[in-house]
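Down below are the structures I want you to see.
Both of the next two complexes hold subunit A, though its partner changes from subunit B to subunit C.
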Partner chain A sequence: MSAGPVLKLTEAETTLVAQLGARGAAAEAERLLGAGLPTRRVEAYHYTDLRQLLRSVPVLAEAGPATQGPLSIPGAVALSITNARVGPIPTLAQGLHGQKGQGGVLAQRDDVLVRLNSALAGEHLALEVKGAVTVPVVIDRRIEGAASHAAGAVKLFVADHASLTLIEVFSGSDAAHVGNHATAITLGKGANLTHITLNVMGPTATHFATNEYHLGAAAHLRTLVVQAGGALSRTQLFPTYEGEGATAAITGLNLVGDGQHVDLTMDALHAVPHTASKPLFKTIARGRSRAVVQGRLVVARNAQKTDAKLMAQGLMLSDEAEILTKPELEIYADDVVCGHGSTCGRLDEDHLFYLMSRGISKSVAETMLVRGFLAELIDPITDETVAALLHTLIDSWLER
Partner chain B sequence: MTTTPMLEIRNLHARIEDREILKGVNLIVPKGEVHAIMGRNGSGKSTLSYVLAGREDYEVTEGEVLLDGVNILEMEPAERAVAGLFLAFQYPIEIPGVATMTFLKAALNAQRKGRGEAEISTPDFMRAVKTAGEKLNVDSDMLKRALNVGFSGGEKKRAEILQMALLAPKMCVLDETDSGLDIDALKVVSEGVNALRGPDRAMLVITHYQRLLDHIVPDVVHVFSDGRVVESGPKELALELEAKGYAGFDGEKAA
Partner chain C sequence: MNKYAIPTLKEEIEDATVDAVLSLDVDKYKYGFESHFETDKAPKGLSEDTVRFISAKKGEPEWMLAWRLDAYRRWLTLTEPTWAKVHYPPIDYQDMYYYAAPKSAQKPKSLDEVDPALLEMYEKLGVPLKERELLAGVEQPRVAVDAVIDSVSVATTFRAELNKQGIIFCSIAEAIREYPELVRQYLGTVVPVSDNFYATLNSAVFTDGSFCYIPKGVRCPMELSTYFRINEAKTGQFERTLLIADEGSYVSYLEGCTAPSRAENQLHAAVVELVALKDAEIKYSTVQNWFPGDKDGKGGVYNFVTKRGDCRGENSKISWTQVETGSAITWKYPSCILRGDNSRGEFYSIAISNGYQQVDSGTKMIHLGKNTSSRIISKGIAAGFSDNTYRGQVSAHARATNARNFTQCDSLLIGDKCGAHTVPYIESRNASAVFEHEATTSKISDDQMFYCQQRGLSEEEAVALIVNGFVRDVLQHLPMEFMVETQKLISISLEGSVG
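For the complex of A and B:
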């Protein structure tokens, strides 16, 4: 046997190795011991150097009381995962089936957050949808009590031609939690899902989330990832277009304030011909803050007629804000329409002047323009109560 | 009989960066009158309109602008609008994501609030927009779109006049309102403007073509050259200008 670790572990790494060991994940513990958390030398973490940014990891979460989350949607089906434990499952609306399952939910992947979640998630909430479910389903994913490390998981299967709106709200007590969450979603033939995730963690929390999507033939997915909370956040989106005719509108919104580091990373695989996606990521940054938007589109050799356009737009409201955008196209097919674009800037002076020349004060005009910048993301959300919730969330961030 | 003019500009100088563009503008527009400013491109006409509306890029180095007796140069653009000034833009700005109706309501209520009036009720607002829109061929489809986004040149100008009708300003400044309009659109826009003429309102119509003034007939015409008014006279002056060209007036100024 070779002697000792090759690298001096950070406090966070030491804790994680111990936690993996305690959960019987010896192989993962060994791997982390050797490689450590990813640094800027790992391409996918180039702008989010976890070794630097994740200073410490609190104890693994113990079961906590199931409490009501901060946002409620009238008429929605309410489910919960508190401290990585699946809450009581009520009688669900017709077409919905839910139960508790064991272990993690994500497919194997060379990614530290995926590996940690899979090793540490003891149980998951498994949902199945058949037919059209018209009421939204809300999963409250909370970390309660003193600072803790929680690895929760959700698995959703949307059957052929079924449809659903799923909202996941990540929140918690005001402590330096580390949440590393997973959601794995499979869409059957012709299925239609709107998936909204809201990160409203406390100001000292770390929030990691990985959303894995498998899209069947002619399935349609709309996602909206809103990241507003946490000191350090990273949401990873891994959509795979597996059936012909699958389409997705993958969208995300980073609301980044003073002292926050927020990362939104998408790695999409168009695996079969005739699929389309239009990822659109927007960031509003203010104060001394850093936002990272990474988008990678991989088009497989046989995935002809792929139509994919990645767009990242940033709005900077302060001199100290930083928005780092990295689009990547990896195309192996030869008959595709793929592209990417990126814009970044301040509010347009001409726009401001026009509004003010009509009597609208500067601060109101700025708010109108910021809302205008976001309209493209919120307008497609057709459920009125959900849209109202999003407007409330955004407005409260703007007024903060 | 002396009454306070609606707009009085006294020896106005303004520059952008190091370049002086307005070089001592003097102008009086009494209540109830429509005055035209004619001048060639680059003479500073549009700068005058922006300086009146309070655009930040321009620095006023000297002079006064009195709106109904009140100096507005220290006011923010929004305050000037509340005080009753309206600029119809030569190139109305497209603002994606801001619905036209939302904008109109925000503007109307901001002005009412600024004057200490109550907010307009939604039904009253809808009625007011509908009434103003009918006269200008502005249909509800247009109002549902984002502000000026994808509007044709004519639609943009009609939308400007719609705003003017709705906000009922005391002093209207129309910057090249005829540019980009075909003859039919020009008629609609001119009729919209003429309908707003009244004893308690004044207008300053900036143009470099006489043709607009066939439709919006001014009481007084001012010739603008090299950053100041070089000649003022009755509406016939516009015709003279058309015949002689601006060069003749530059010469007179130089003499």
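For the complex of A and C:
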């Protein structure tokens, strides 16, 4: 035994250790026993102290019947994962192949959510795309029934020059669920993917999601992570630019209301020369709430000619809201153009005055300005039905 | 060159460059000499006895000893911080001396009585201990200097003249004896005893440093300056600076640091506390040029410093300007607590790293009062095998209505073996706070180099010229005496970084 002080486990940690033990993940259980959940002293969790925030973890989810999610997109291919179990896979469109696989999907990484998902995910949905698939694919990822802990996983391979729009909707029954989800995506040469994730969990739920992306040469990725639900949410994005000419527009939107703690964290690695990324994260916070945006750009020694610019913008609609931002650059190559920017403030008084002086009521003027603030994220979504869905989601949040 | 020919401008520049290079010591660190004079040391290692020894040596009152012992006991419960992007072997805090003083039976009354070896050292340092020359009628910029060697303040100039205006400028040891009320009132109020690992260590074992008090409404008539130097081997330097600007006063303060070249690492853990009361303004400038280690990364100073200013009164202002070229490892975040309404904090920094240096430096702007504003301009330049990190925090408290911050941090990479990193923490807890942050990383473009070289500059001259342009925004905020020195330092620090 080490000589260090023995950690007194929290209720959540005790449950997690037991669950890991029950799934035969002895090494992970041992590790958690020694280190506990990350605190603010762990840089990646500086503003999301899991030890303090994650009070308890419910029982591991039992299999349940597949149900319909809250959002529907006409004409889309509908797949589901309920309580971490892959639902029935219908006959899929041309170029699309899906099957059930065993175990987790994420690459090894020194991150507690990744470790827990990999140890606890029993099965995953494996999708493969060849050629251009024009209809969007929607995966409903739900946690049903009484409060439970679910670790689901999805693996997607987009073959060379193939393209797809994938939408994942995270929802559940109105209970204090803990969802810890994983999505691992590989983009082949010249592949093109739009990946949208929507977190619309209930108000007492905890939502964790890890999206891992591997971008091949000349691949293009667009992501939009919308976090609107859950009492405690954290979405982690881990893109790796592995092929020359890979580009990505990684975008995210936190809609944070009273009593919520919402965290959006990106850790990107530009591993080869000539890659480009433009991460853009926006946050709207109101009520007594806390929003966290962390974004790190790592440029490896040989990743010359990297062009990366991260932008984080926050809009505060109340004096009790907090927006905590940590954009990071870690650069080891010298011939690069990298930067980040961050702004934070409330709606511009002058803009409000301009609209109101033209007879528009204050609340309408505010909504117009907020929509303007968000347009940059929604406008690039070319699929009209998907864009309409996003607008509905945002409007209903604003009217809440 | 034909000695009868009139030298062209270019040749003159070349000659000047050659001379400059020749005048450098081994490994290009011109302050790398070691002076030999007798010193008085405490026994090696750290214990309550060491703390008592230091306190007794300084003839301190009982309350000061109690304060130190409290700090020492708290230090035993703390662990070294590990979040910075710096790497070094574990430090053995028992394997160093905590007190070393140049041995002299009595404190010299004037510079004439000072050990000639000491004066010679100052001459080498280029420290403007020029009181005598000034008295002899030689025109010099007027700077009052407090010089600290190893652990002890050896000389403070211009005291009589400053005293006339009620300004107190002396060593902190003297202040503890002569002005205990002032020291007790302010010491540890900006950087609390157990603030962090190194500050707590400093609180327990600090040996000397400067103390300065500017009374109400007084504009300090000259620059005040402290010059720090570690001379002894295996000695940690722990100085403490306390600067108080009373209502409506103004002071500009300069700080310089050097150390001899040694193969071992030396620890420097200083604490600087600034207090600005209502309408007061403090301008604090540092040129930090501790020994950075040799070209293989051997030796050098570990510079773990806590510097913090407290804008306690309304409309007060604190401005930090720093030029960081030395030290093997720098861990330093000069900060401003903007407590008073309408107070303002500024931070201007140039951090240059070459060889195997590691820099993790930046600032904290803590907005507590209404209408507080802050501005951060940081320029990091990484060359050789070095790592250069900007780490800064800007936070607005819930009551900090209309807080305003602008941050610009730019990094320049020279060569592909170094790293430049930016880690800002931006925390807004008030909707009316407006924060803007921008960071860029780039290299010197081939076009810029071609342009300069095509006009006859050598590669190194071109780099120095472009870098000086890159840091111009910060240079402007340096006092005149430092500006010239800094421009020279930049070219010396970057020597050998290209080609």
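One rule holds for everything that comes next: the second predicted complex is superposed on the first by the 395 of 400 C-alpha atoms of A that agree within 3 Å, B and C clash if a C-alpha of one lies under 4 Å from a C-alpha of the other, contacts with A are read in each partner's own complex, and residues count from 1 in each chain.
Everything that follows uses one rule, which is that contacts are C-beta pairs under 8 Å (C-beta built on N, C-alpha and C of every residue); 3 or more make two chains touch, one makes a residue touch a chain.
Being a predicted model, the structure only gives us computed values, none of them experimental.
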Subunit B versus subunit C as contact partner of A:373, first or second or both or neither: first
When both partners are placed on the shared chain, which of subunit B and subunit C touches more of subunit A: C
Which of subunit B and subunit C A:399 touches, first, second, both or neither: neither
Which of subunit B and subunit C A:340 touches, first, second, both or neither: second
Contacts of A:41 with subunit B and subunit C, given as first, second, both or neither: second
Which superposed partner A:364 touches (first subunit B, second subunit C, both, neither): first
First (subunit B), second (subunit C), both or neither touched by A:353: first
Which of subunit B and subunit C A:332 touches, first, second, both or neither: second
On subunit A, positions contacted by subunit B and by subunit C: none
Subunit C to subunit A touching residues, read off their complex: 83, 398, 411, 413-443
Subunit C partner contacts - residues on subunit A that touch it in the complex: 41, 43, 46, 301, 304, 314, 316-346
Residue numbers on subunit A that touch subunit B, as the complex places them: 349-351, 353-362, 364-365, 368-369, 371-376
Footprint of subunit A on subunit B - complex, ascending: 53-57, 76-78, 80-82, 86-87, 89, 92-93, 95-98, 102-103, 106-107, 110-111, 114, 146, 163, 167
